[in-house]
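Structure first, then comments.
Labels for the chains are A, B, C, D, E and F, by order of writing; each one numbers its residues from 1.
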Amino acid sequence: MDKKLLLHDVGESVDLFLLIKSSTKGIASNGKPFLTLMLQDKSGEIEAKLWDVSEEDESAYAAEQIVHIAGDIQNYRGRKQLKIRQIRLATPLDNVSAADLMETAPLDKEKIADEITQYIFEMKNANLQRITRSLIKKYQGDFYEYPAAMRHHHEFVSGLSFHVVSMLRLAKAIADQYPSVNRDLLYAGVILHDLGKVIELSGPVSTSYTLEGNLIGHISIVVEEVSKMAEELKIEGEEVVVLKHVLLAHHGKGEWGSPKPPLVREAEILHQIDLMDATMNMMDKALRHTKPGEFSERIFGLENRSFYRPSFDTE
Amino acid sequence: MDKKLLLHDVGESVDLFLLIKSSTKGIASNGKPFLTLMLQDKSGEIEAKLWDVSEEDESAYAAEQIVHIAGDIQNYRGRKQLKIRQIRLATPLDNVSAADLMETAPLDKEKIADEITQYIFEMKNANLQRITRSLIKKYQGDFYEYPAAMRHHHEFVSGLSFHVVSMLRLAKAIADQYPSVNRDLLYAGVILHDLGKVIELSGPVSTSYTLEGNLIGHISIVVEEVSKMAEELKIEGEEVVVLKHVLLAHHGKGEWGSPKPPLVREAEILHQIDLMDATMNMMDKALRHTKPGEFSERIFGLENRSFYRPSFDTE
Amino acid sequence: MDKKLLLHDVGESVDLFLLIKSSTKGIASNGKPFLTLMLQDKSGEIEAKLWDVSEEDESAYAAEQIVHIAGDIQNYRGRKQLKIRQIRLATPLDNVSAADLMETAPLDKEKIADEITQYIFEMKNANLQRITRSLIKKYQGDFYEYPAAMRHHHEFVSGLSFHVVSMLRLAKAIADQYPSVNRDLLYAGVILHDLGKVIELSGPVSTSYTLEGNLIGHISIVVEEVSKMAEELKIEGEEVVVLKHVLLAHHGKGEWGSPKPPLVREAEILHQIDLMDATMNMMDKALRHTKPGEFSERIFGLENRSFYRPSFDTE
Amino acid sequence: MDKKLLLHDVGESVDLFLLIKSSTKGIASNGKPFLTLMLQDKSGEIEAKLWDVSEEDESAYAAEQIVHIAGDIQNYRGRKQLKIRQIRLATPLDNVSAADLMETAPLDKEKIADEITQYIFEMKNANLQRITRSLIKKYQGDFYEYPAAMRHHHEFVSGLSFHVVSMLRLAKAIADQYPSVNRDLLYAGVILHDLGKVIELSGPVSTSYTLEGNLIGHISIVVEEVSKMAEELKIEGEEVVVLKHVLLAHHGKGEWGSPKPPLVREAEILHQIDLMDATMNMMDKALRHTKPGEFSERIFGLENRSFYRPSFDTE
Amino acid sequence: MDKKLLLHDVGESVDLFLLIKSSTKGIASNGKPFLTLMLQDKSGEIEAKLWDVSEEDESAYAAEQIVHIAGDIQNYRGRKQLKIRQIRLATPLDNVSAADLMETAPLDKEKIADEITQYIFEMKNANLQRITRSLIKKYQGDFYEYPAAMRHHHEFVSGLSFHVVSMLRLAKAIADQYPSVNRDLLYAGVILHDLGKVIELSGPVSTSYTLEGNLIGHISIVVEEVSKMAEELKIEGEEVVVLKHVLLAHHGKGEWGSPKPPLVREAEILHQIDLMDATMNMMDKALRHTKPGEFSERIFGLENRSFYRPSFDTE
Amino acid sequence: MDKKLLLHDVGESVDLFLLIKSSTKGIASNGKPFLTLMLQDKSGEIEAKLWDVSEEDESAYAAEQIVHIAGDIQNYRGRKQLKIRQIRLATPLDNVSAADLMETAPLDKEKIADEITQYIFEMKNANLQRITRSLIKKYQGDFYEYPAAMRHHHEFVSGLSFHVVSMLRLAKAIADQYPSVNRDLLYAGVILHDLGKVIELSGPVSTSYTLEGNLIGHISIVVEEVSKMAEELKIEGEEVVVLKHVLLAHHGKGEWGSPKPPLVREAEILHQIDLMDATMNMMDKALRHTKPGEFSERIFGLENRSFYRPSFDTE
């Protein structure tokens, strides 16, 4: 099997099928058009320039196309870049699919679904359990496919549901340790907190924001979904308003998009777990490619900090 | 007819029926309980202390009761205070009702309703018009009774709908002057923007926050109401998501409670008109009792500023 | 008549006289000099690069020159750009003047002057009226020519006085609705609020800041002008200090350049009207070129927001 | 056994030995001196006023004294207050010690020590392990006695070491879930992070800040302790500088007292765990005395929020 | 000679003539009126309560009156308070004047004037020198009498001019050390920077803000004074606009009241010297009454910090 | 002697030995590598591009190399740039050393050392004097060689110790004027405040941050050095903790890197002097190359302000 894209060091040659994640046209200083391609396989993504392109090139090398590329890994301002020597579109005979080239969660979709189902099964409050189960069922197609975000963290296929599983494990550890926590409310909050993203985002590939995503946002979307589902299931009771609050408040502050700050214990915990899992994912992604004794690339989502990997961290 | 409460100057005696707006128990430094009463008639409100109260006094002189009081207006740290000489509960024979003593909008309820109806009538976009009309109809009982807020601005009976009328007039002037404005979208936004308050607040008298008000807030409440009404009326179309955005964004910023900033022209205008009408109301209330050549009381809702009334402002 | 510059879509050819608004030299990555030209006609402005320029080109194609250009409209990073095929300086025989190519207010200068004069005429407070009239008269040449700002809003010929007219209409609507407003003070504030710009800015074409503009600023400039004029007219009275305050405070906050926040009712209103008219102008300019169903370019002066034009906004 | 102090409802009588936590003199509005006593037993603390005190009373009823009090629980501005009927100093014959009346950690000191020792035992990096073990040994007397803070969270006997145990459990759950975490570095950081408090604070009873606490602070204190211990143990290696960084950065931001933000993965995790355990402790303390369906007292350390305890939270 | 007011320790008796700085009426919790008096002599000021006052007392014991008081120094919440045993108004026979009881600058008025005159004499730029000299001459009566502020720093008779002298000495030391400094511009800035206070404040005793002070502020006032003086002296030249800028910018930032930040070297220096001298004055005032080894009272103007006086600071 | 680098105007030719301060590789838009060189002599530094470089060029023209260059000064976006015509590495025969080309303090190293020694000699408190003298002695090699920072201010050879001398002179002037200042504590604070930079930074040439610099920072480093030295010298006493505080607090605020704000008079003064000397150095550097009547380049360290040099500032 071929060595993956990001496993190549600067100076090495590359001969691989890659997926075009995005393609942007520019005008070089000599007046000729060129394309900036973001190319990826399962190991991650890299930037490449395609110089002096014709109009046909422009339409051929578009987002979501698969290409075969021969080239070299170079260092450009401290980041790897791919210098293209040869490029062609993949054909059916090449037998490569987009799914082969996209990063996915480290756990497969069925296992994710099983684990989430198990957590729902453990819930004792019937109202919270029914709302949670019904909403996950309603959106299960997208819920297990979507990324958790466009970029920053868990931005891969099944990233959304994997983020939920990861948070559920933290939630369980916390509820085990602090017995006053309402486990059902916390689990329901964790499972549903980002469900609005299946409406906010366009899909798992070449993800962008929908009109509802731009104008309403996933927080307000999921709150409304809970209301509608509760009505459909004829559930009335304080669980509905409290669950809506927990979801509404999970960004923690007005300036981060929550119209109310957490005013219920489990809302505060949900906010902190969400932050912790996103942070762990961003740090892992950056440090995975950092050698012991060096600093990582800057992480935009963590105030642009660059993290040091200790030289005694031999992993 | 008796001279109203706030028309009395410091040093004058008072002999009036008043409504208890709130009653709070305290312990004096001599160890004896006392009540802090907030008393009102149509001219406004004043604080009074009732010393050395018995347990019967405590339960008798509670919020929403009408009392007859003889006393004197005093100056306490630059604010008027009422020193009670005699107090008794009103009886049916006194023939005084709470409505006689509560501040109301300067326009009567029927006129407000007529004017709002006229604006709805002028809307040309059928989708926006139907949603707006149906929601106002659904909540008309409360909509024409509620205050616009617990304190700060339009905190009187029918304050909510009067605030809407006042903003509609501004909206009309603006739409007349800037022809690119979508008049229907702006009117719908103005009429519905605070409708969630009929669920957020407990009612027109002794107003407090409901559980939904505390945990969800009037912005998210009204957005959900629009969705439900659109579904009920089987209206699908971009008007629904755009109208929801306009309502969602009307506080202008995340830290002021809007999960999205205004991203549609009419959302931005709605935010500015709302601010302007609230500001005018707060300044009017403070300056009404300020003599030319003097500074007003500090206005909490306007960064605690104290406003000067010019001596050439003879009104 | 020729189709104006900004009415051309990407891909279309252009053959037009244009005014050079600014011309900046750069060095291309091949080491050769080039010019970045900002070109305009009445429809707006566009950027163009002129590659491999000689020293003669550099001095010829300078700001305020008129040129004839043949070229093509291209898309560069989501913005239109003009690719120059041919360029030459206009000659007297071409019979084109700068005024033919500069954006102007939508109302002509005489109508603006008439309308402002009428508002001054309606003022009843003699002190405020005399100061206002005399100052406008003193600076009438520049006042009716200058833009309201270097960029962001009303950045066109007569933009300053048109901004005033537009705000006066809002001021009138507000004074009609809220009778406690001191109409004379508000009108005087609106008419004079940006008059200091005739000293702060260099002029209506290729506008830049003067030394006084940079070091003192238009707010302090106009306040001093009021003092001098009052002295000249031998007007003494509280109107002078209050009018100075209204002007001083019109940016609303210290961090926005006002050494005092609004402490008089009309100062607060002036600040809000100023904000509203500037906002309307910025949104109009951005949305005018945005198709229904799309988002506008980002607007720097509105926290870099990009506004959505609803698809039902057929205008 | 007597019913504890905070288990009494408003209206009930109290007849108990209590510890004076603090005693402050005031002058009543009748010109006579009084004492504000903060009284506590293991269930928590309550305020009481002692009116018309003599100079002897003043010196007798001082902090750290034990008193016997007969009185009544009252409601004062929404908080419980104790109205004293009788008060006297405890005598040796009463056989009551301060330790009987002070709140302690829910786990006893020996169990805490055993658990921390076990975590140290599991560390594999010899340098980190030796520094950690030696420092805990050096300060073990105070480390197992001190509170974690003067107020806000874990402000009780053994609060410091109990906070560490609680965080170690979280750290273990996180390290189990995210395998890239350097477990030794994280454990060392957790165990030592607040050790500087044994120098910053005066002791477990009537806790105040020492001069070093005020001028240097526990963060800089512990960093220096690590340096000195490493030198004493002749440990040189990157572990020392990285461990110092992890401790230095554990408040997360400059404005919260850390001269460097977390730049190592385990530093960031430590910061988040510390926040989480402190938050849980503050919410628990406030909600423990809140009935289902009601809002708690405001929590100063959580932006003054008041938390709602759901009515379905029957626990 | 009598021991001054603030030299008395808690517990000592006092028998002194004092000046009433301010007198505020309150209502005690027993319903009876009392006065809060701020009393001063040259050593500083102290608070006292006068209980159960009649209407005659109220008008007698007003601000600016001199009284004879016998009483005791007490400790109230960590601050000294004066408990009044006897009080009477001073009579002409007592032969005490307000000037005997007010704090003044540590340098007498004539010496201050001589020193400032000397600095003006050393200025070489004729334009700057003439403006500075003429303005000081114009306002010399008030300039040498006024305090530099209502509270916080140099709030005593001649405080304004003493603050200027103190800053001039710093300015000289700085100009000696950094030869690129324009000494004339810096001296002119220092001498004039707070001159607007003679119009902003009401006077040296019972100081309050004038209408111009409230609505315009001392910064804009002095800038206008410079313009008028330059016109009167027929001085035209860049010195005028630059000097106005230096004065305008001396608060350093918009949020601190300067409409422009310092954009000229000497403006930045003036801002820093002003800050330094004010800081020194506030720290001196607080630490003068603090014993070695103790913390001072909190200083409002220095972010409410409490400063430690080292025990080795034997002075 | 040759005319220095920065004394050449745009358009002039250059024929000089220069030191490469940094060298960064880029990829031109034609796909070929180039180097961005930062070149310097004693007059300052300038940027230059070297196009189409081979791999040999890349390794030859590296940081810290001396080159001989013939070229032309050009204007690029308002900054000078050097266009290279010829370049070669210097050889031993050229007889040029790095020291000949690096900027150094305006005072030579021996004079700096003498002056600092004199200040230490004047200190009367034996504890403070011994700690200060011993630490300067311990690090004297680096202390008199290092710059005070990587960029922004005093970023030249001996910049650190020259910054100290400059601040000592200010400290002396201040202590002379305000007699309450503890001169010994202030001198010790000034001399030691940035000593941690000899560990934080890599050295006087091609300066970068060390691991300790990045993770611990010079403030915590120097505080620990004081502790160790005091222990070594067996000095115990409040001087140690107070001196540590003064150093810890010298950045003034948490967000600027000080874990404690200044809580001792001399700590506050040290902070202000440090700021003043850094500000003077940054303004001088920018204005030195600015002609009278023009604005300087923007100064990053002073909120990106551009300073005006008055036309009457003939210096």
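What we mean here is this: contacts are C-beta pairs under 8 Å (C-beta built on N, C-alpha and C of every residue); 3 or more make two chains touch, one makes a residue touch a chain.
Since the model is a prediction, treat every value here as computed from it, not as a measurement.
Q: Show which chains lie in contact with chain B and also with chain C.
A: A, E
Q: Based on the averaged CA atom positions, which chain is farthest from chain C?
A: Following the centroid criterion, the farthest chain would be D.
Q: Please determine the option from C-F, E-F or A-F whose contacts repeat those of B-C, over half of the contact pairs being identical by residue number.
A: Having compared contact pairs by residue number, the answer is E-F.
Q: What's the rotation angle, in degrees and to the nearest 5, for a C-alpha fit of chain C onto chain D?
A: For the C-alpha superposition of chain C onto chain D, the angle is 180 degrees.
Q: Taking each chain's centre as the mean of its CA atoms, how far is chain A from chain D in angstrom?
A: So the centre of chain A lies 39 Å away from the centre of chain D.
Q: Could you give the separation in Å between the centres of chain C and chain E, each centre being the mean of its C-alpha atoms?
A: 45
Q: Send over the residues of chain A in touch with two or more other chains.
A: 29-30, 211, 214-215, 238, 242, 263-264, 295, 308
Q: For each chain, which other chains does it touch, given as pairs?
A: A-B, A-C, A-D, A-F, B-C, B-D, B-E, C-E, C-F, D-E, D-F, E-F
Q: Considering only the defined contacts, which chain C positions touch chain F in the complex?
A: Counting only chain C, the residues touching chain F are 24-27, 29-31, 211, 214-215.
Q: In the complex formed with chain C, which residues of chain E make contact?
A: Within the complex, chain E touches chain C at residues 211-212, 214-217, 219-220, 223-224, 227-228, 238, 241-242, 244-245, 248, 253-260, 263-264.
Q: In the complex of these two chains, what residues of chain C are touching chain B?
A: These residues of chain C touch chain B: 125, 166, 169-170, 173-174, 177-178, 180, 182, 185, 237-239, 242, 261-265, 268-269, 272, 275-276, 279-280, 283-284, 287-288, 295, 302-303, 305-313, 315.
Q: Applying the document's contact rule, which stretches of chain C touch chain A when the two form their complex?
A: 28-30, 34, 49, 51, 74-77, 81, 83, 295, 308
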